[in-house]
Amino acid sequence: MNDIPVVVVGASGYTGAELLRLLVAHPRVHVVSVHAKTRAGEPLSTVFPQFGGQLDLTLEPLDPSSIARRARVAFLAMPHGEAGPTAAILHELGMTVIDLSADFRLRSPEEHAAWYGGGNHDPQQHLRSVAVYGLPERYRDKLKDARLIAAPGCYPTASILAIAPLLEAGLVSAQDIVIDAKSGVSGAGRSPALPYHFPEAGEGVRAYKIAGSHRHVPEIEQELTVAAGHPVRVMFTPHLVPMSRGILACVYAKPTDPSRPARVYRDALVARYSAEPLVTVLPEGQLPDTAFVRGSNRVHVTAAYDSRAERVIALSAIDNLVKGAAGQAVQAMNCALGLPETMGLVGGALFP
Amino acid sequence: MNDIPVVVVGASGYTGAELLRLLVAHPRVHVVSVHAKTRAGEPLSTVFPQFGGQLDLTLEPLDPSSIARRARVAFLAMPHGEAGPTAAILHELGMTVIDLSADFRLRSPEEHAAWYGGGNHDPQQHLRSVAVYGLPERYRDKLKDARLIAAPGCYPTASILAIAPLLEAGLVSAQDIVIDAKSGVSGAGRSPALPYHFPEAGEGVRAYKIAGSHRHVPEIEQELTVAAGHPVRVMFTPHLVPMSRGILACVYAKPTDPSRPARVYRDALVARYSAEPLVTVLPEGQLPDTAFVRGSNRVHVTAAYDSRAERVIALSAIDNLVKGAAGQAVQAMNCALGLPETMGLVGGALFP
Amino acid sequence: MNDIPVVVVGASGYTGAELLRLLVAHPRVHVVSVHAKTRAGEPLSTVFPQFGGQLDLTLEPLDPSSIARRARVAFLAMPHGEAGPTAAILHELGMTVIDLSADFRLRSPEEHAAWYGGGNHDPQQHLRSVAVYGLPERYRDKLKDARLIAAPGCYPTASILAIAPLLEAGLVSAQDIVIDAKSGVSGAGRSPALPYHFPEAGEGVRAYKIAGSHRHVPEIEQELTVAAGHPVRVMFTPHLVPMSRGILACVYAKPTDPSRPARVYRDALVARYSAEPLVTVLPEGQLPDTAFVRGSNRVHVTAAYDSRAERVIALSAIDNLVKGAAGQAVQAMNCALGLPETMGLVGGALFP
Amino acid sequence: MNDIPVVVVGASGYTGAELLRLLVAHPRVHVVSVHAKTRAGEPLSTVFPQFGGQLDLTLEPLDPSSIARRARVAFLAMPHGEAGPTAAILHELGMTVIDLSADFRLRSPEEHAAWYGGGNHDPQQHLRSVAVYGLPERYRDKLKDARLIAAPGCYPTASILAIAPLLEAGLVSAQDIVIDAKSGVSGAGRSPALPYHFPEAGEGVRAYKIAGSHRHVPEIEQELTVAAGHPVRVMFTPHLVPMSRGILACVYAKPTDPSRPARVYRDALVARYSAEPLVTVLPEGQLPDTAFVRGSNRVHVTAAYDSRAERVIALSAIDNLVKGAAGQAVQAMNCALGLPETMGLVGGALFP
């Protein structure tokens, strides 16, 4: 049954490990090899002891033609800038490529160059128009048969799913959107550095990359612009919270009509997401908490209206490594290959 | 030297304990008794083992006339509604009363009734106009010789100190202020309840009391209205973060003139706080982190401008139990008694 | 395919929720109803938001005959003392009962009475000899077709799996075994209480129930006595660690012959567990860490010899809610029903 | 009044910062300069933002003769091997040196060479016999006028204070002592590395350096041998717990006479520590919890007897950075200089 051979490139990081956790449990997929640069040659179980006794593989250096011979799908969990060229080669060799880096997320070459560098001679520029933004809740149709998928960033996933329906429905203004997002530390990756050292990151909360300097800004704006139908600018502030996993996005927006009943905002989410298998609009009285989506590909959303301040708040909670990365990539693969979209993704959250 | 006798009423909660920690180290103060309702009769060291060997007192039931005979200053760390009547009695008996509840914070009887109930026949109404709002950075002069002090709430302290200078300077608009604040769990008090049970509160972040329903809203608006010189409405959203102490407030505001240089906002904080002994405007490149004010009465603030989104962000970090409660109460007492304002409050943060 | 109807009684606690998480993903099982006492009538998704959109059930009061008509297997996640009588009724009605309480763990009526009370007239006494101790790694054969299973305690599971092989092999003395175990806070259940209040339990570690007063002592001794072939007494000390899940057990024992090579102890674990599907003896150089078994039914073990002190140390890490409770109960059910033992239990750990 | 000039060498690590926190608050001391190697030239407040507005110093490279001219006391918070030669020079120049490294802790040259290397030609060997082991509770008299102090390790401090009185009193056997200790992550220092990366260290507990391989073993044995009057060997196992600060030591020992009343062990601690200003023997019913000594130089200890297993357990809780490092160093300085021993050390614990 596990008839679809896949590989994971960049398997020594958290996203790579999470991909493996999900792919091992996927009913149709078979992981044929795992790849990493600096730790190539090591058994996967020394890099990630949780796979001991479960997944007996050794990290290999990357050899594109060998990969293309053995596997049909490649998940790339590599750094920005390294993923693009690899994706190009594997795509050329006929593989279905799901890139979890930012290399194909921004459709505008100018925006990509402005935020990620590379200038005018970006060799992957033509591929950027081929790539499909891998957010199934918004691009399900385009993902069908897609061969190059740009898996969304974690903050954009949380932010877009919370507010895009309200923009689409014309309920909130495209001007003056403020996004205040909180992330667990795994979002910073597995490379040790002082801000993520346990005694520094524990028992403290802080904003970072304030004033619109985070690279997820243009990605959020690109997709909200599609939703709104005209240009959106957001003020986006990410925070680091002392927990390992999870993103909570709070999106503050102005109503286009302050006199609407308070319930219309949540109602709009209910209407938009009623058929979505992995998005739950919480019952009134419940608010999103990352604890309840930990380890799950599910999204918890809600919205409310502050009639005193005449502001809408839309909130969403995701697991940054699942719906914000590996789980969404698998969901996108399911779409691309024509498999049931939630295959391998129905495992519940780990709570507590 | 420790010639000023004080009492702490409500000493079995976190704010009470923090008051004791600070008062024991205060060079002029002497704690003559500690009071609590449900745990009266127990040694303080069974309620808070950290005081074993250090503060040999037993929790007593409250007896106002006995207190008034023995002490000059009373700190009330009691629930809202209970503090008011007690404060009235102790004030009548001639004590200096520092109330850490919300009972005297809102100067408008209508606002107080709207948010805290009590209707038109609030017996403490006349005292509410006597009480001084105990934020020394803004009411230092009025605190001199004050005999009834309403110690500010934790969220208001963090929010006001971050944004009031920019409102005062006319740099940001009084309209459309969004405050997204994150608190450690001690802010919820010491009474166990499911949302604060370790497995529920650990490894998760969530908003609560959204859409303007938190009782700190009118308090923030009252003080920002003073700063702005005309009515301010804020959208305020508190969050619970998996840490014990700390509040980070992010205040988003619109510039009154989008063309100003980005640095003027932080500069305005520098100018306003240059002589403040307990407020640090962080150097450019540093951002407030609650970890660096843990256990300290210091405030860390900064501000920045997002020229793309045309929004100002002002941030502050405090320890909710110190500058957000007990430390500020001691600072206000120092002001009231004519002591050096930072006496007993110069201890550094506990990091990590 | 999901042809085996099961119920979970006591579904409002952590063990109940974890049973549901695992049973929902089990390929042969179908959860027909969930039961709870105090929260009966509430949707499961308000008690545990993670099940929203995934498991549409309402908590029901317990009605044994109705349960017995609808389901084949009952998992009891009820308090000690309440589980026993319920188990007796359901067993009488023909169900396969897997009891996660301590009511059937101790085979000796005297020991049961001494540690759990109930005196000489325990109505479930005869059932205690019928019940099979649900530790598949040691009672796999007896579990086949068992109709009443006493799922082991969390500490006993971790402790027994670490040291029993060394006792069986005669490598360590049955005298003078010291067990120092560390547990996450979910082990204390979902009822809020001061010691588990986030600010009390975070950033602190402590022992509790010291000097042999924890009720898991006789259970550990019962099973180690079987392993050793003669009476074993242990000194057992549980600790509370600021994390939600996991148990690490460190077992200190004396070698029967101090002159053996250091590697024989780990080798004995390798030999004993080579065919076990869910026990991993870690490679030399790796040590058990609860982080790597979180959410998994896997056990990580190792052993080493301190030639200076002439002491053996055996260590194990489990997830207290999975291998220490719900996962092991499912594993035991698989054994009892003749299903593949690891069915529904192969999901990997959630790391980080 | 602050008439004693001191310096801190190695001020960019956690122990250095904790020394500064305590020394700034010390009534007699004045910090004249702070020194570090890699971060020399940076303001202290960029390395540790908590000192911003409080301690306006810049990290300087080490210049021994300049230091000796300016200061009377030097605290060395440097790595093992680097501290020794520096201490030798500063000692020669007439300073009082308090070395927080291990370079002078082991009195036996053979043991020092065996555990820390350096062979037979250790140039500081003669100083090792001059150095006083800086545990005031055991070496108060020798510390008077000491000019070279070896501040004890964190694990030895916790372990020795728990069990030494029982060995001295002949209540427990010198054979067969097992020490299971749990530490917060700050004990590993401020240099980022994978095991201390937040997502790796959070939500997990593990042993490390098992089977007697931790360098604190000979230090513990040296001091317990003094207490017992004959050679002691211990089995010592350190653990990493997901918290920033604190050590809990559980010492398991055999009674020399199993028939004694259970209370004699705790009574012996009470007798031994009744006059100690910073050691609290907890009342019966209370057990040490690192949360209650966080930020404090106080030690919480107790002991109990398990009559079933015939084993004694002695427990202690300390803050690894205070009583386990910086606080104890200040306490030792007070002894050496003839100041009141607890001067600057009476600040209470920060709880929660």
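Going by the order they are written in, the chains are A, B, C and D; count residues from 1 in each one.
Quick note on the criterion: contacts are C-beta pairs under 8 Å (C-beta built on N, C-alpha and C of every residue); 3 or more make two chains touch, one makes a residue touch a chain.
These figures come from a predicted structure and were not determined experimentally.
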| item | value |
| --- | --- |
| Taking each chain's C-alpha mean as its centre, the one farthest from subunit B | C |
| Of B-D and A-B, whichever chain pair has more C-beta contact pairs | A-B |
| Selected pair, out of C-D, A-C or A-D, that shares over half of its residue contact pairs with B-C | A-D |
| Interface residue overlap between copies subunit C and subunit D, same or different (over half shared) | same |
| When subunit A is superposed on subunit D by its C-alpha atoms, the rotation angle in degrees, nearest 5 | 180 |
| Separation of subunit A from subunit D, taking each centre as the mean of its C-alpha atoms, in whole Å | 46 |
| Separation of subunit A from subunit B, taking each centre as the mean of its C-alpha atoms, in whole Å | 38 |
| Distance between the centres, which are taken as Cα means, of subunit D and subunit B, whole angstrom | 36 |
| Junction residues of subunit C, two or more chains touched | 14, 184, 186, 199, 202-203, 242-245, 289, 292, 294, 352 |
| Of subunit A, residues touching subunit D in the complex | 14, 184-186, 190, 192-194, 196-199, 201-203, 242-245 |
| Subunit A partner contacts - residues on subunit C that touch it in the complex | 14, 17, 20-21, 24-25, 45-46, 48-55, 186, 202-203, 244-245, 278, 280, 282-283, 286, 289, 292-296, 298, 300, 346-352 |
| Touch list for subunit B against partner subunit A, complex | 176, 178, 180, 182, 184, 199-200, 202-208, 210-212, 217, 233-237, 239, 241-246, 248, 250, 252, 254, 262, 287-292, 294, 304-311, 313, 315, 317, 352 |
